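Every chain is named by a letter (A, B and C) in the order it is written, and numbering of its residues begins at 1.
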């Protein structure tokens, strides 16, 4: 095993390990016969670091050994990598938010009654954490359930000056006019049977095609 | 930003990410002003791979994008790094996975029909939890059974770029000879669109990969 | 002497040898220990000692798999296998299982019945004219075996693909000062409205609930009133009205107060007759104002 082999083997080991490896561990990776001296290993690591001069990586020595890392100047420019993709809100979350917006103050029980299914604690927490809704009081019934209302933050997010600016309920029955009013994209014609069958609640990501499912309904919702 | 900068930035990004990044994600990492063309990114990746010729790493392209990985020759020698054995999977799981991969979208009932034995809930859960398969919809028949399909994660795990890259379904011609020898009638008339058995009512459009799976049939059946 | 037989569950299976890649065809882990020896592969012939039968059966993925095994292990060109012979062997297995009082899966019995039927048919003289294809169970059996074997093979092919964690390792480098930022999902008014539309439609379809289409301004005003009052002290009823809003505004405020009263969120009190009305949050209602959160 020549110097180059040792060098590239160590490089691959550190890149594959994803954790610091100490000199004994590095040495132990070699087959007995070709095991280099520790000094050779240190020399190889130094050589690698020289080669990395221009590159974005470096082998640094930390408490538990040698670790391959991205240089900090480079890491700064890579922040986007760690911006986690925003999770998608569920349909249940949107429905809950909409009910709070239009029917506030409203309790969780009342939301559940209208939706016909239970509202998970998680959804309520999401909405509270996002600071779109707040507890405005407690209803005087057993359990003293919290009543929810929307916040200024909610209005700000949707560029509304006041709740009044939410599209009036009545207009919801006329989806077409609402679409025009909100400047929503035109809905394509689609076969009746596709949409409802393939994407049941909860198991899908709300996609563009969902508009279609909704677009059909106005006639049924007097 | 010159070619070298682009190259080393991409290298650092792929190493820092530890997961496949597609060309859009790679491009998006650059500041708007210095954003290179996609072609330049591809070129830089090719150059890096040339430079890695002697080294133990390689950038490979899988379903979700480009992935920096340790070359397999090197990986064999690095087994000692991992104390834990890689997860092992049962044959039942692979058979189920194969049916989902080649015959998607497919329901559990359809899988059981072909395997001649029931599919345990455990196997389905394992596949879902590994995120190798997902529910792509529900068949519009009583019980509305879930239809399964594979994910990009599945392709990534097995170092495939697309479903087309799966090994072709075997052409088991001796079965055909057997059929002839036994003087059996033709098994079934099957033409190019032989999918109806498995995909009733045109609930999906056979994708390119399915044609691949089906393309072999005429020889053996027809 | 009856050998000791242990059927292993995946949990207590010993760490398998490195031979997975060499023999991926049958199983990935030893499925039994017979006489203390781990069994990792099926025998090359059909002579399976009865004591080991159970474990071998557990190695099969069902009756199709067993049948396929019997056919393939003949070590004879498949062309020369009379289906009757295979049937005989399969039925022997089933009988053996019965003798050993092994729990028999229904699928195995079903297959045995199907094979028995095929066998009996073959003993009958051939009908002079073409049989109806649909009625020939041999055709169906062969179709199923063929289909199953294709996927059994495909499963092997997939299991031999290079696998992350086993054959492929991702190369990573640590990024020291990385900050985790979780972006919040974007929500559009459209999504909100669609959800609302949806829930209204469901409510109307499935319940007697009739949502009133009241003007939002009342809800808004209810909100504003709630923000101004609290439970500890009284707020003048008249103070809630802003004459500058005009007749409409006053009416909206009034309806809002009535609505809050109806929902028992507020109380209106009067110390003596004709004294000014006062409003406060209902004793049982605790209001939280947005500012002091």
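Here is the rule we use: contacts are C-beta pairs under 8 Å (C-beta built on N, C-alpha and C of every residue); 3 or more make two chains touch, one makes a residue touch a chain.
This is a predicted model, so every value here is computed, not measured.
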Labels of chains that are neighbours to chain B and to chain C: A
Distance-to-centre winner among chains (Cα means, whole assembly as reference): C
Intercentroid distance (Cα basis), chain C paired with chain A, Å: 22
Averaged-CA centre spacing for the pair chain B and chain A, given as whole angstrom: 24
Residues within chain C bordering two or more other chains: 169-173, 175, 178
For chain B, residues that touch 2 or more chains besides their own: 12, 15-18, 57, 68, 70, 75, 78
Chain A - residues contacting chain C, complex: 12, 15-16, 18, 57, 67-70, 72, 75-76, 78-79, 81-89, 91, 94-95, 97-99, 101-105, 113-116, 130, 134-140, 144, 147, 149, 151-152, 157-158, 162-164, 166-170, 172, 175, 178, 182, 184, 206, 210-211, 214, 217, 220-222
Residue ranges of chain B in contact with chain A within the complex: 4, 8-9, 11-13, 15-18, 21, 28-29, 31, 54-57, 68, 70-71, 74-75, 77-78, 80-81, 135-138, 140, 144, 203
Of chain C, residues touching chain A in the complex: 169-187, 189-204, 206-207, 209, 211, 213-217, 219-220, 222-223, 226, 263-265, 281-288, 290, 293
Contact footprint of chain B on chain C as seen in their complex: 10, 15-16, 20, 26-29, 61-65, 77-79, 81, 83, 105, 107, 111, 130-131, 133, 136, 138-139, 142-159, 161-173, 175, 178
